[in-house]
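Labels for the chains are A, B and C, by order of writing; each one numbers its residues from 1.
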Amino acid sequence: MRAKTADKIATSIIIAVAALIVLVLAGLLGYILYRGLGHISFHFLTSAPETIRKGGGIGPQLFNSVFLLVLTMLITVPIGLGAGIYMSEYAPANRITNFIRLIVEVLSSVPSIIVGLFGLLVLVNLFGFGFSLFSGALALTVFNLPLMVRITEQGLKGVPREQKEASLALGLSKWKTITSVMLPISLPVVLTGTILAAGRVFGEAAALLFTAGMSSPRLDFTDWNPFSPFSPLNPFRPAETLAVHIWKINSEGLAPDAAEIAAGASAVLVITVLLFNFGARWLGRYMYRKFTAIK
Amino acid sequence: MAQPLERQKAKPHIAEEWVGKIYTLLCIAFLITTIFSIVYFVASKGLSTFFINHVNVLDLLTGLKWAPEGEPPFFGALPFIFGSFSTSILAAVIAAPLGFCAAVFMVEIAPKFGRRYLQPVIELLAGIPSVVYGFVGLSVIVPFFRNVFPGQGIGIAAGALVLSIMILPTITTIATDALAALPKGLKEGSFALGATRWQTIYRIVLPTTMPALMTGIVLGIARAFGEALAVQMVIGNAPHIPRSLFESASTLTSAITLSMGNTAMGSVANNALWSLAMILMLMTFVFVFIVRWLEGRSKI
Amino acid sequence: MESIGLSAKDLTVAYGDRPAVKNISLDFAAKQVTALIGPSGCGKSTFLRSLNRMNDLIPNCTVTGEIWIRDQNINSPTTDVVSLRQKIGMVWQRPNPFHKSIYENIAFGPRYHGVKKKSELDQIVEQSLRKAALWEETKDRLHNSALALSGGQQQRLCIARSIAVKPDIILMDEPASALDPVSTSKIEELIAELKEDYCIIIVTHNMHQAARVSEKTAFFLTGSVVEYDLTHNIFTNPQKPETSDYITGRFG
């Protein structure tokens, strides 16, 4: 009888915990949206921030985040795919490979603030890229590469061996087999993972404080020459992203409506991350269905 | 190979194979170079505090007073080390039981409901940016603590609570995988003996999956240990060992975040911050090796 | 096109230090079907996969000995494996069409090997599908996914795919074992037609199938060839007691 009671109590506790976790998420999202949504307007999303007056927006920060995301993924995806393909298809089964695996694991657990410091030392100072979008993108590449490698490896390992063999047996080179038979099959996994990685880039701040910088020049959105210092497209200008902006106004914001701006910006950030998440899920399911479905 | 079989055509595929091999090798070489340069640059900067500025290692590790720009300067980093360990371990203490329960719920109690609703919730928690956690911590948890407990609300408790939600996904995911990977017969054997579900869980499932659960917990601690901004926003940033959980404190990451921009590159004060970064990095390695060791055990 | 044969000399295949195939020497004639039979785990599939160097993909699998096609030993480290495999087609136990359209499945190989013109590719696709007796069923939906075909159709598509790159030899690893009887007999008819042009080596579990489609049969047991003779002789007058035991169904 006592065992049964204990079982009932334990089961109820577990269910309560599960409910609690769902509630925490719901509360979290609800709170952010409740506080932030009211503040989001076209003006808020497009105008420049104010330092001491009310009514500042997050336009440049939003643009910087998106631009940085694109830049980062442009660098991360080719390198990550290449390294992932190496680990999955070319690496011989020996000690060196095991060592490389260990290194990738270490890199994936290096705190992002350390990656940021490394960027400050090497990218910003040593290579002279300065506080710039480019430094930020490279730092985020370092931060995201291990994830990208793992995703690619997982995707390729999931390709049935018969598919690979069929292509090789037709006299196709290994490289061609990887790029035109195996990668397309692993695309749902790789793409889903890539989108989730992109979401991580969008929300990352610690690695950017000392690489992309905490300020933005007065951007001139009519100047699209990438070499002009006030052009939004110039990759060698400092760029405060949305996530960094949230951190900054929370710790040193002087504007009277700093709290509302932080809430609005957080809501924008969370909505974007949710979109990435649902987008990845939907795309993964859609592609899975498309590849296996009978047309 | 001799000619006849492929005389018909030139061999573009040989060049193609080399392109593939060299390209992927370069990519992985980039990765390896990066990690070695991270270690090299952080360590060389961090060690210069001891070799160039002649700060005593033991003083740094055990000293209680941090005033690198003072006259005379003090380099006691113990408050930060203490802050980092206490917040991350406390966070794990909160998150581990929650994560285990969530995993049991998803694997044993309501797999269908769990996979459909709880799993996406956990994944979403993992996707929320850390500054957002910091913001919510600052505007919800800190005021709440301020009203309920004596003190300002900021401090180790607030930091640990924020971190616990952030590391919950890590712990839950690994625990779920471990539980799902258990051979069916193991549980069925226990049920067949008339054991209840809870008895089966704590007598059979928990001990068998312990190394894997520990892996998740250590990974969670590692993530909490390295988290910078969310903690920095709620912990208060006073460089002392606090007397209560609700009193302003500091961690390694919060000290670096706050002061790195305000010190001149190459100064003693700046080098001392790099030493903190080096400690952080070394701890990361320690965590990776603990995880490796645990993974080795859970395979047996 | 003259079809060529293949011969294996002292071929040994080992996984780690466990040999799966021991010192096998076999000659396969052109324009003929040779069946490899034997109980599971006797090494017949492993042997077959060595002939187009497919075992190179398996870590710690070593193949020693010689495999001769015309005057070349293809089991040598200097062999250009990619060119070699174009000359040796392969069909697997489970149909494995690419996740592409029917047309693309066939055109994929020839295009890689240098056929760029649409009209030429169209022609190759039609010829290959006709040879595999699949043209009539698929000509109206060439651009639909190959995965929408039935299992038997998929397997014939795989055969069409391999003959599209003009091989001399086709290796078949239990090509009908995953199919229903009707599809199986279609595949068998197809094999009978294909042997006009190719040297075919087929691994099969099904002794009736071996008897129906092949000219010669090799009986494998625990990694060695027990008996190799005309199929008729093997099934009516086996020389070794192990062979007759297997054929009469006493084991395997």
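Quick note on the criterion: contacts are C-beta pairs under 8 Å (C-beta built on N, C-alpha and C of every residue); 3 or more make two chains touch, one makes a residue touch a chain.
All of these numbers come straight from a predicted model, not from anything done at the bench.
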Most central chain, judged by mean C-alpha position against the global CA mean: A
Chains linked by the largest number of contacting C-beta pairs: A-B
Where chain A and chain B are represented by their mean Cα positions, the distance between them in whole Å: 17
Rounded Å distance, chain B centre to chain C centre (Cα mean): 52
Chain A-chain C separation of Cα centroids, rounded to whole Å: 47
Touching two or more other chains - residues of chain C: 82-84, 86-87, 113
Junction residues of chain A, two or more chains touched: 172-174, 176
Touching two or more other chains - residue numbers and ranges from chain B: 13, 17
Of all residues in chain B, those that touch chain A in their complex: 13, 16-17, 19-21, 23-28, 30-32, 34-35, 37-38, 41-42, 45, 97-98, 101-102, 104-106, 109-110, 114, 117-118, 120-125, 127-132, 134-136, 138-140, 165, 168, 195-199, 201, 219, 222-223, 225-229, 232-233, 253, 256-257, 260-261, 265, 274, 277, 280-281, 284-285, 287-288, 291-292
Residue ranges of chain C touching chain B (in the complex, touch as defined): 69-72, 74, 76, 78-80, 82-84, 86-87, 113-114
Interface residues, chain A side, partner chain C - complex: 93, 160-174, 176, 180-181, 184-185, 291-295
Chain C contact footprint on chain B (complex, rising order): 1-2, 4-6, 9, 11, 13-14, 17
Complex contacts: residues of chain A adjacent to chain B: 3-4, 6-7, 10-11, 13-15, 17-18, 20-22, 24-25, 28-29, 31-32, 35, 78-83, 85-87, 89-91, 100, 102-107, 109-115, 117-118, 120-122, 125, 142, 145-146, 149, 172-176, 178-179, 196, 199-200, 202-206, 209-210, 214, 243-244, 246-247, 250-251, 259, 262-263, 266, 269-270, 273-274, 276-277, 281
